[in-house]
Amino acid sequence: MYAAKVTGSVVSTHKDKSLHGLKLLVIQPVNDQLELKGKPLIAVDTVGQAGYGDYVYVAKSNEAGMPLHRDMVAADAGIMGIIDHYSVSEEEL
Amino acid sequence: MYAAKVTGSVVSTHKDKSLHGLKLLVIQPVNDQLELKGKPLIAVDTVGQAGYGDYVYVAKSNEAGMPLHRDMVAADAGIMGIIDHYSVSEEEL
Amino acid sequence: MYAAKVTGSVVSTHKDKSLHGLKLLVIQPVNDQLELKGKPLIAVDTVGQAGYGDYVYVAKSNEAGMPLHRDMVAADAGIMGIIDHYSVSEEEL
Amino acid sequence: MYAAKVTGSVVSTHKDKSLHGLKLLVIQPVNDQLELKGKPLIAVDTVGQAGYGDYVYVAKSNEAGMPLHRDMVAADAGIMGIIDHYSVSEEEL
Amino acid sequence: MYAAKVTGSVVSTHKDKSLHGLKLLVIQPVNDQLELKGKPLIAVDTVGQAGYGDYVYVAKSNEAGMPLHRDMVAADAGIMGIIDHYSVSEEEL
């Protein structure tokens, strides 16, 4: 999983049925200083509480649809949780 | 998932049976300004309505064949929906 | 999936049983001008008809062994079809 | 799998149920000289004994939740073991 | 799959049970001239015969544990075979 920030949203009328009713958010990965870094992606908001500006962690692949307790969700990136505190030590280990 | 633009198509006679009857489109990822960015890929048009010039979102891996309600589709990239509106805020959060 | 060209082959005596009898080809991804681009990979020839110099499309991950109708193929890249015609428009959409 | 160092941790209140009770660690890949290299990721501590400063090896995708013997863990990166000794020969083979 | 060379090994006491008894090797991808290229990875030796200096081909993801005929192996990279001969044509096709 990786840390990311919610930076936008996507509106889509023609989409697969398994995605109906789900919020699609634009996220962008962040580095250890929580600065935007890397390519934006589109993720399903699986926790249902993520919003614009939140720091979240995102899982790829099959796990993306898992928290929704639907058998089949046609997505490969899902927001798994909202980050309250992110700490990394810079000191030499 | 990531945002992409439909930029072309592929014709193929010798292919796996699971791909028969499915449209293969060339897509290229786009950035937040919807400019072409990154390597072109070949995706199955799972929503069945994507066409040349459309902005779409694409899922990788197993999810690609899911919307087709076939057990087995030998593809690893599928168009999951057509983007009507894509909004990203540039302001500092 | 991505477009690639068949550029070589691999001979291997000690290998997993699930790969016995399957042709292993060296492929290299190509760009929209069908020029070689990116790292060479080793793929199973699942359509059984791909040969040296062919342009093909390749799927990654679980789908790779699917067309072979074997339960388990220990491969993560498979040639899914041979490209007859590949067209991409360069004009502004 | 790849070698990585544990460099931090993540605290998260709103998260998927399958992740409750699991330790989320920030890891960063290392090269053959065990120097930090590449992007930090968030991994589930599946061995349960990894701590700050440990060198570990990490698996991606479905395998991440496997050692936990839970059916479904919504994670795509898991610490699979702690490295006691890592040796690479630099001599010409 | 991709070609790689065995360049080292990993010793690990605290690891997932599914990995007990399996040899963990450090591998590094090679290019078409069989020169080392790219990041080192840790792979399970699934053929059981790979050793230091061997050229091998490696599969990622779920296929990694397949040749071991264990239900669950917590690994995402496995050595699938040893390369006897690797030939790539440089001539214009």
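Order as written gives the chain letters A, B, C, D and E; numbering starts at 1 within each chain.
The definition used in the following text is that a residue touches a chain if its C-beta (ideal position, glycine included) is under 8 Å from a C-beta of that chain, and two chains touch if they have at least 3 such contacts.
It should be emphasised that the depicted structure is a prediction, and the values quoted were computed from it without experimental measurement.
Steps from chain B to chain D, minimised over paths through touching chains, total 2.
Contact with chain A and chain E alike is made by D.
In summary, the pair chain D and chain E forms a contact in which the copies contribute largely different residue numbers, shared numbers making up under half of all those used.
Rounded to whole angstrom, the centroid-to-centroid distance between chain B and chain C, based on C-alpha atoms, equals 19 Å.
Separating the CA-averaged centres of chain B and chain E is a span of 31 Å.
Residues of chain B in contact with two or more other chains: 61-62.
Circular chain order, beginning with chain A and continuing to chain D, reads A, D, E, C, B (contacts as defined at the top). Note for the complex: chain B touches chain A at residues 1-3, 29, 31-32, 37-38, 46-47, 49, 57, 59-63, 66-67, 78, 80-89, 93.
Contact residues on chain D toward chain A in their complex (touch as defined above): 5, 7-19, 24, 26, 39-43, 52-53, 61-62, 64-65, 72-77.
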